[in-house]
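The next block holds one structure in the form of C-alpha cells; read it before the comments.
By written order: A, B and C. Residues from 1 in each chain.
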C-alpha cells in the first residue's frame, strides 16, 4: 500500500528533551501537511506500532492567511496548510521553528513577534476609533500597490526562522517588524510619526542588525519584498541621521 | 526618546560600514595599484613606487590614522558583529545567504592574513632594515615559495570578495539600492569590480615572481 | 480611589477588537481573551470586501438602498432599526479603518475603489486587494496594540473562555477560563463581559469554510447558563466550495460569473477522468433546470440544485458528495486574468490546475445568521438604534454583551455578501459603547460578589476536565467531529425535511451521549489539545441540536432555511400587477403573518425550548418579496 511517511520532532513540554517519531498514513491524493497531521492525531500510532500522544501543532484558517501553522518542513520554514504532500520528498521531516521557544511538539511561542511590533511602534496614531467625519488623505494607486504588498504580513515567523541574524538570544526584531515600519511610514498620516519609528529601529535590535542575508525574502509565504523594505528604510534612516546630526534638534 | 546621535549602536554600525569602504577599501585598491607596478622591475618599484611613498611627510601619522586605526576598528567591531550571527550556512543554499556567510568568514581570514602579511613586511622590517631597502627583493623571495604564494592568493581573493560584497551590502544598508532589480544590477557591478581588482592584484603578485 | 471598572472581552476578531478599543477609549480597563494570538482570528479569511455606501461610481447609490437590500436580502427577518443604523454608519466606519491604515484598493484618483457584490445592483463594496478581512483585522489589531502599550488593554492569549460567573441576581460578574498551555482553570472578575467569539461553522465539521476557531462553543456555554440563541436555523451555505479533507475553501461566485459550468457525469459510476467524458455523457443540471440563468443562478438556488443532484438523484461524482465546476472550456489567458485569485487558491491547495481540469466543489456551511440573542434600544426620533444605549447588544443576561458573528443581529434569514465584516465591526463598536454606558450607570462594587461564586465555578470546570482526562471510553473525539459534520451537513443542511430533522435530533442526542465516553488517548497534561478540542466538540453537538430544533420548528421557507414541501415560488414570467403574481404576494404575506418572527431558543432540562419574538419592522414594511430575477 502506498503511504505517506513522516518523521516528527517531538517535545513533551518546554523543558524536556526533544525526540523523533515516525508515522505513516495511507496515501491520499491532495493531502497537505495539516490534513495529514489531522489523520495522525486521530490515530497516533508510530511506524513501530506504539500508541503515543497525539502530535500538537497550531493551525486555524487552513488557507494561508492566519500564519498559525508555520513549521520547518524538510528543513524549510513554511506554512503546513499550504504545503502539499505530493510536492515533498519523503519521509517528510517536521520540526518546530527553531528560533522560538518550543511549547510542545510543533508548537512554539511567537509572542516575541508581537512585542517587537510594539517596540517599533507599528501603528497609526489616531485620535480615537470614533467617526471624525472624514477619512485619511488619498493614496495613489501606485503607492497603494507597493503598500498592499507589505500589508499582507501575517506574523507567521518564517522569515525570522530563516534569518541568520534573528535568534532567541539576539535583539534583532527581524525583517517582518521592519517591513511593518516601512508600511506605517508610507501611510499619509502615519508619516507624521515616522521619526519615532525610525529612531526605534536605529536602536539595538533595529535595522542595522540586518546582515543582508536575504533568506527572509526567499521564504516568506506571502512573497513580501522584505529586502526592498530594508533598502528603503536604509535610505530613510540615512536621511534621518543627517537630520539628527545636522538638522534642528527635537 | 533616544535619537540616532545618542544611540551609539547605530552610529557604530554605520561607522563600521563606512570605514570598511573608506579608508580600508580605498587603501586596498590603492595598495593593489601600487603593487601592480612590480612588473616595471625592482629598481622602479623600490625607488619610484615605494620610495615615493616612503618619502611622504607625516607618513607614520597617515599610516596610523588612515590605515591602522580604521582597519583595527573595522576588524574589532566586525568581530563583535560576527558574534551576533548564527549562520547555518548549509541550511539554505541561496546565493546571498552563502555570501553573508562568506563575508564573515573572509573577515576573520583577512585578519589572520594581515597578521602574517604585515608581520612579514612592516614588522619584520623594524629589525631588518634591509627589507625596507629592497622591498621588491623581499617580496620576490617570499612569493616564490609556492605555499606563501598560495596564501597571498587566498588572502587577495578573500579581501577582494569582502570588499566587493561589502559594497553590495553597503548599498542596501545606506539605502542606495532598494528594489530587487536595483540590487541585482548593483550585484553585477560589484562582481565586475571584483574581477577587475582581482586582475589588478594578481598582476601585481605575478610581477614579483615572473 | 475607587478601582477602575473592568471589562472582559472574549474574542479577538473584528468584533472583539473593535469593542476593546471603544471600551478602552471610554477609560475602562480591558482584559482581552483569545484562543491564540488575536491576529490569527478567523476574520482574516474574508477576501471579498465590506459594504458601505459611498456612491462614487455615478450610480446614485444611497444608504437607503443599502438598508433595503440588507433587509430584503434577509427576507425581512432582521430587526430593522439596528440595520438602519449600521448602513448609515458604514461609511464613517470605513473611514475610521482608513485612518487606522487599512490598505483599501484605490481608484486612479486615489479614492477607495468599489466593486459589485452579490445580491445588489450598485457598486458598494470597498475592498483591499483579495484580503479585505485580513487588512481590516490588522487595522484594529494595530490600534489595540497601541492601547496595550499604553496599559489600557491586557491580552490573555492562549486562554479559552469556559463559563460565566453570575452573582446572586444572575448578573454576569466575571468568567472562568482555561490556560491552554498549563490547562490551569482560573476565574476572573469583571464588571461586564463581551462575547465576540465568532461563527459556528465547525458544527458542520470539515464541511465548512470556517476556521477552527469558529466552533460556537463559547456561545453555547453561555446559552447553557441562560443566554438565548436566536434564529440559529439560518445558516448560509456557499454553493461552490472546493473540497478538502481538512476544510472546504471558498471559490468565489466569480467563477460562475465568468462562464464556469457546473455538471456531473450522467453515470455516477463513470470512472473516466472528467476531461475524457464526452459532452453527451455530462449533465449540466443548472443549465437544463434554469434555462434563462443557467450557471449564474443565485447562491441559494445553486446550492439547492447541487443538493438535489447529489442527494435526491444520487448523481454526485463517483458516488460522493461533489460536482464539477468546469472552466476548461474557457480561454486560459482570459480566466487567468479574470480569476487569478481563485485559480491560485485551487492550485495551491489542490495541486491541480483548473485551467486543465474541472474543479470539484460542493455547497458548504459558510455563515451563521443566527447566534446569541441581543437587545437594542430604538431611537424614536431617527428610527434607528439609539446611540450609546446600554441595551444595545446586551444579551438577556445582565452584564453580558455579544457582538460579531456570534450574535444574530443584522442579517435576518440571509446575509448579503460583504455585509458581515461590516456587522462584525459595527456591532463591536456599538457593544463597546453600550458597555461603557452600562458601567457608568452601575452602582454595586465588584468586590462584594462573594468569592465562593468564583471558586464554585472553577471547581465545576475542573471536574469536567478531570472526568475527560480520566475517561477511558471507546470514542475518538476527532472521528466524532467528522461524524457530526456529515450529520449536520446532510440532514440539517441546504435542504430540510421535518422527518429527517427529527431523526437528526435523535442522532445528535446519541452523539452527545457518546461524546461523554471519550478516550483522549493522551496522558500529557501540558498543552493537551485533545482536551480543549473535546470540550468544544461537546458544545458543538449541543449547538447542533439547537440548530436542528429551530429548523424543525420553523415550518416555512425563508432565506437560507428551505423546506421544499413548503416552498412558495414566484409563478414564472409574472410580475407585480399580474394576477398570478399578486396571488403569490398574498400567500407570501400570509406566510409572513405566521412566520415573520424571531426564533428564540433557551436551554431547557431536556433540550432547547423554542419560542418566538416579533420583529421590529418599523423601517421598511414587508410588501415586496425578495426577487432576484
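As a working rule, a residue touches a chain if its C-beta (ideal position, glycine included) is under 8 Å from a C-beta of that chain, and two chains touch if they have at least 3 such contacts.
This structure is a prediction, so every number in the text was calculated from the model and none was measured.
**Q** Taking touching chains as linked, do they make an open path (line), a single closed cycle (ring), a hub with spokes (star), an all-linked set (complete), or other?
**A** Topology of the interface graph: linear, an open chain of contacts.
**Q** So which chain ends up closest to the centre of the protein, judged by Cα positions averaged per chain?
**A** Looking at where each chain's C-alpha mean falls, the closest to the middle is A.
**Q** Distance-wise, how many Å sit between the C-alpha centres of chain A and chain B, to the nearest whole number?
**A** 37
**Q** Taking the mean of the C-alpha atoms as each chain's centre, how many Å separate chain B from chain C?
**A** 64
**Q** If you average the CA atoms of chain A and of chain C, how far apart do the two points sit, in angstrom?
**A** From the centre of chain A to the centre of chain C is 28 Å.
**Q** For chain A, jot down the residues that touch at least 2 other chains.
**A** Correct list: empty.
**Q** What does chain A use to touch chain B in their complex?
**A** Touching chain B from chain A are residues 75, 162, 164-165, 167, 170, 172, 196, 199, 202-204, 206, 208-215, 217-218, 225, 227-228, 230-241, 244-245, 249-250.
**Q** Which of the residues in chain B come into contact with chain A in the complex?
**A** 1-5, 7, 9-10, 13-14, 81, 84-88, 91-92, 94, 96-97, 100-101, 103, 168-169, 172-180, 182-183
**Q** For a test of understanding, state which residues of chain A touch chain C in their complex under the given definition.
**A** Chain A residues touching chain C: 12-13, 28, 30-32, 34-35, 38-39, 41-44, 51, 53-54, 56, 58-68, 81-82, 84, 86-87, 103-104, 107, 110-111, 114, 117-118, 122-126, 128-136, 138-141, 144, 147-148, 151-152, 154-155, 183-184, 187, 189-190.
**Q** Can you list the residues on chain C that touch chain A in the complex?
**A** Those residues of chain C that touch chain A are 18, 21-22, 25, 36-37, 39-42, 44-45, 89, 92-96, 98-112, 128-129, 131, 134-135, 138, 140, 142-143, 145-146, 148-149, 157, 181, 211-213, 244-247, 249, 345, 348-351, 429, 476, 478-479, 521-524, 526-527, 529-530.
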